[in-house]
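Below you'll find the structure I mean.
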Amino acid sequence: MTEFLQYTLQGLAAGGFYALAALGLAVIFGVLGVVNFSHGACYMLGAMVAALLLQHFDLGFWPALVIVPVIMFFFGVLVERLLVQWLLRLDPLYNFLLTFGLTLLTVDVMKRQFGVSSLKYQVPAGLEGRFTIGSVDLSVYQLFAAAFAVVICLAVWMILTKTRVGMIVRAATEDAERSRALGINVARWVTPVFGFGIALAGLAGVLAAPYRAINADMGSNFIIILFAIVVIGGLGSILGAVVAGFLVGLVEAYGQGYYGQLSQVLIFVLMAAVVLIRPAGLFGREEVA
Amino acid sequence: MRHTRMISLAAMVASSGLVLTACGSAGGGPASGGDSKLSDDKVVLGLLNDQSGVYKDLSGPNSKVAIEMAIADYKAKYGDDAVAKNIEIVMADHQNKPDIANTKAQEMYDRDKADIILDVPTSSAALAVATQAKAKKKLHINVGAATTALTGKSCNKYTFHWAYDTYMLANGTGTVLVGEGGKNWSIVYPDYAFGQDMTKSFTAAVEKGGGTVQQSIATPFPNDNFATFITKAESSKPDVIGIMAAGGDLVNFVKQYNQAGLQGKTTLAVGLMFITDIHTLGVEQFAGTTFTDAWYWNMDAESKAWADKFKEKTNTRPSFAHAGNYSAALQYLEAIQEAGTDGSDDVVAKLEGKKVNDVFLRNGEIRAGDHRVLHDAYLVKVKDKANVKEEWDYEEIIKTIPAAEAFNPTVSADCKM
Amino acid sequence: MSDALLKVEDLSAFYGEAQALRNVSLDVAAGEVVTLVGRNGAGKTTLLRSIMGLHKGTRGSVTLDGVSLDGKSADKRARLGLGWVPDDRGIYATLSVAENLSLPPVVDKAAAWSLDKIYEQFPVLHERRDFPGTKLSGGEQQMLAMARPLRAGSRLLLLDEPSEGLAPVIVNQIGQIIRDIKAQGVAVLLVEQNVKFASTVADRHNLLAQGEVVESLDNAEFQSRTAELLEHLGM
């Protein structure tokens, strides 16, 4: 029982982080209809930028938590303005391939510039050590990362449900053409939303920096798990991404605890099962053809 | 509809990666020619290693510098009497992929007229090159790869294994640590050939020393999140946790291990670790970690002097692989000098059974039976940051393992030359 | 008519090579209800979409209150006073009824109906204001779709087959709403197949066949010649 509780706790902690990382992917797909393959690369850039801020400007974790998302927001705006916008009217395949190419480019540039070995990063002071509740424990940092991620997810949820901006984003997510016919300048929202999604990826990268290897390849495996999460949750569904994030965290932890090397396979078994039973994902809407 | 399209796209993208690796080429051409003592009137040293990936820092382009140092030392020693007057180096990137290594090795032997290929990290790539060496009857001295198959079922007359292997790593870290009091082990390993081999070797080594492996925990490869694996490994209250991962997985594991508050509490033994890992991640992350090294630049005055020369040229300290490539190139040229020719069979005859001492090989012997090079190895502990006096000053040697004990004392029955 | 609110001149529309509209000209005065009547595929919806700026590949000109709409995006046209009520009602499932109402930006403060006024006119929307938009019945969704541009203060509704799929009693209700809207000075360009319904609400009619306006006539004439016209249109 203790074991089970321990794994559950670790799964929830990992899940919070997954939810945050997948959130941006869901938001971008929702509003732009773009399957952003470069989300993993942007996560990597977030972590790399955090490490470089530390190395060159002595700016630690806390400033990075603010600075990196801002930098990544503008990076996203740049990518959307320079590249993504031109393909938005075409088959979504084009932007998928574009962001795939962008990923290869980004990863290679970072390799060329910084090599493939991991960059240095430390757990911020005050977040070291373990946190014990009864018979189970968790590293303080992991707990922090999960709590922080949940707060961000809630904040995004509040913005989407309680503000006019959020309402417009939801409407544009559901039907962009109709929103235009109702007088909403959807194009004006597309760029900031893309930037926002990329900023969330960067934020996840900063959160990962203290406990994951920081190198050009760190997003390559991660993007596959993120895709599994958004497919399980339902593409474009914000709530789906969050719920599926926790679900995947739990499945992974139980897998690690009870089935060892199958822990990642189980994630994809879950994905396959969800897709078979509910092709649109847990919270996805079936699109009207 | 969009989600199904996305899934099929993802599958398409994944499979296109496989297709890309499926192209090879069959090079041809004459193997040698002329009456000169040297084929083509020159000696061509091929350096085939990772120029862009995980082992770039470990060996990579700086190994060329080490080989140039060997050539310079050889020429300085023999001057006008040198048999090999015209020595060239050709270099290629195998990207740690066996198919690319195979193609590049053919190109080097056939087109570039390489007489020898040096280095070749990554076991699968090394085995591909060993097969080419056998087919072309040209030499391969392996420095960078760990697999004992090079001196086991894939051994051949033209292939030598110079620096280290998984037996040495497991024996050094496993057996010796047990002797130091680390009786109970938990081993965490990535579930692919390398991790499985390492776990097998380590388990045998720990048991040989009188210790027990309480659990062996397989993890997916690659893997980012080790939290629950660490909890599990720790649950049997071991003296030592052995981690058999490499590269990014090793870094993920160590960071999360430290974060779980285990650093310094339980001894962490790393199956395969290089000084470059410590350098890039920071000595504080690895402080207290134990592993076996084939050579350390600051282990004595002779090594330090060579490392200083290396640093003048590269602005960095050498890894064991740099020193190993230097040693391999130097001893190869010495063998040509003795043989008076670069003919492969004559050179091999001179190398076999030779006892060698150089900056890298201490009490070295090139075992004739399987071409395993025996030499002293070192059990090291990563220093605490407070004790680090300069950059790259990371290792404290806790035990020198004599050449006779460092490697498998018997020639594998699988090895048929 | 010189005081036309909406003026469409020589409008042609294409789907690739195929021409869906041929030099259509019509106008709608302020507070007037004008129909487009024709069988399926006559180009009625294409005409509405072209006016709204949603159809790419058009020629000709559209002006609203003297302002040319040519080359302007759909959202710009909406903000100049066009109100979009598509045949599928276009209700957002992820937005509540109240959110559906407040989504379009107000384009004319003076003309915009207040929420109170909307709820007074459509009590059922008030009752269901917190429901997801698509949980409403067909008739309620139609009311919501029509109320939406009124709240924004649109001057002219582009109303696509509002009676489609609704029970007769609901259709009567919709007719009443159109007359109420007209009484408030809002113009309507109405696409209809239900000729009987059209004749109860409209001032003038345009008969559309194969992408062309074949006849324009006022309601009295339309009513007297209904049978003949329907036969002519093949309806």
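Chains here go by letter, A, B and C, matching the order in which they are written, and residues are numbered from 1 within each.
Here is the rule we go by: a contact is a pair of C-beta atoms (placed from the backbone, for glycine too) under 8 Å apart; a residue touches a chain by one contact, two chains touch by 3 or more.
According to UniProt, the chain labels map to these proteins: A = ABC transporter permease; B = Branched-chain amino acid ABC transporter substrate-binding protein.
As the structure is a prediction and not an experimental result, all values here were calculated from the model.
Here the chain at the heart of the structure, going by C-alpha means, is A.
The count of contacting C-beta pairs peaks for the chain pair A-B. Centre-to-centre separation of chain B and chain C, using mean CA positions: 76 Å.
Per-chain CA centroids place chain A (ABC transporter permease) at a distance of 43 Å from chain C. The geometric centre of chain A (ABC transporter permease) is 37 Å away from that of chain B, both derived from CA atoms. Those residues of chain B lying in contact with chain A (ABC transporter permease) across their complex are 1-7, 9-10, 13, 52-54, 56-57, 191, 217-220, 222-229, 231-232, 235, 247-249, 251-252, 255-256, 258-261, 276-277, 280-282, 284-285. Looking at the complex, you find that chain A (ABC transporter permease) touches chain B at residues 3, 6-7, 10-11, 13-14, 29, 33, 35, 37, 92-93, 96, 100, 111, 115-120, 122-123, 128-130, 139, 141-142, 210-213, 215, 217-218, 221-222, 224-225, 227, 231, 234-235, 252-253, 256-257, 260-265, 275, 279-281, 284, 287, 289.
By the touch rule above, chain C contacts chain A (ABC transporter permease) in their complex via residues 52, 54, 73-76, 78-79, 84, 86, 90, 92-95, 99, 102-105, 107, 148-149, 152.
Against chain C, in their complex, chain A (ABC transporter permease) makes its touches with residues 167-168, 170-171, 173-175, 177-187, 285.
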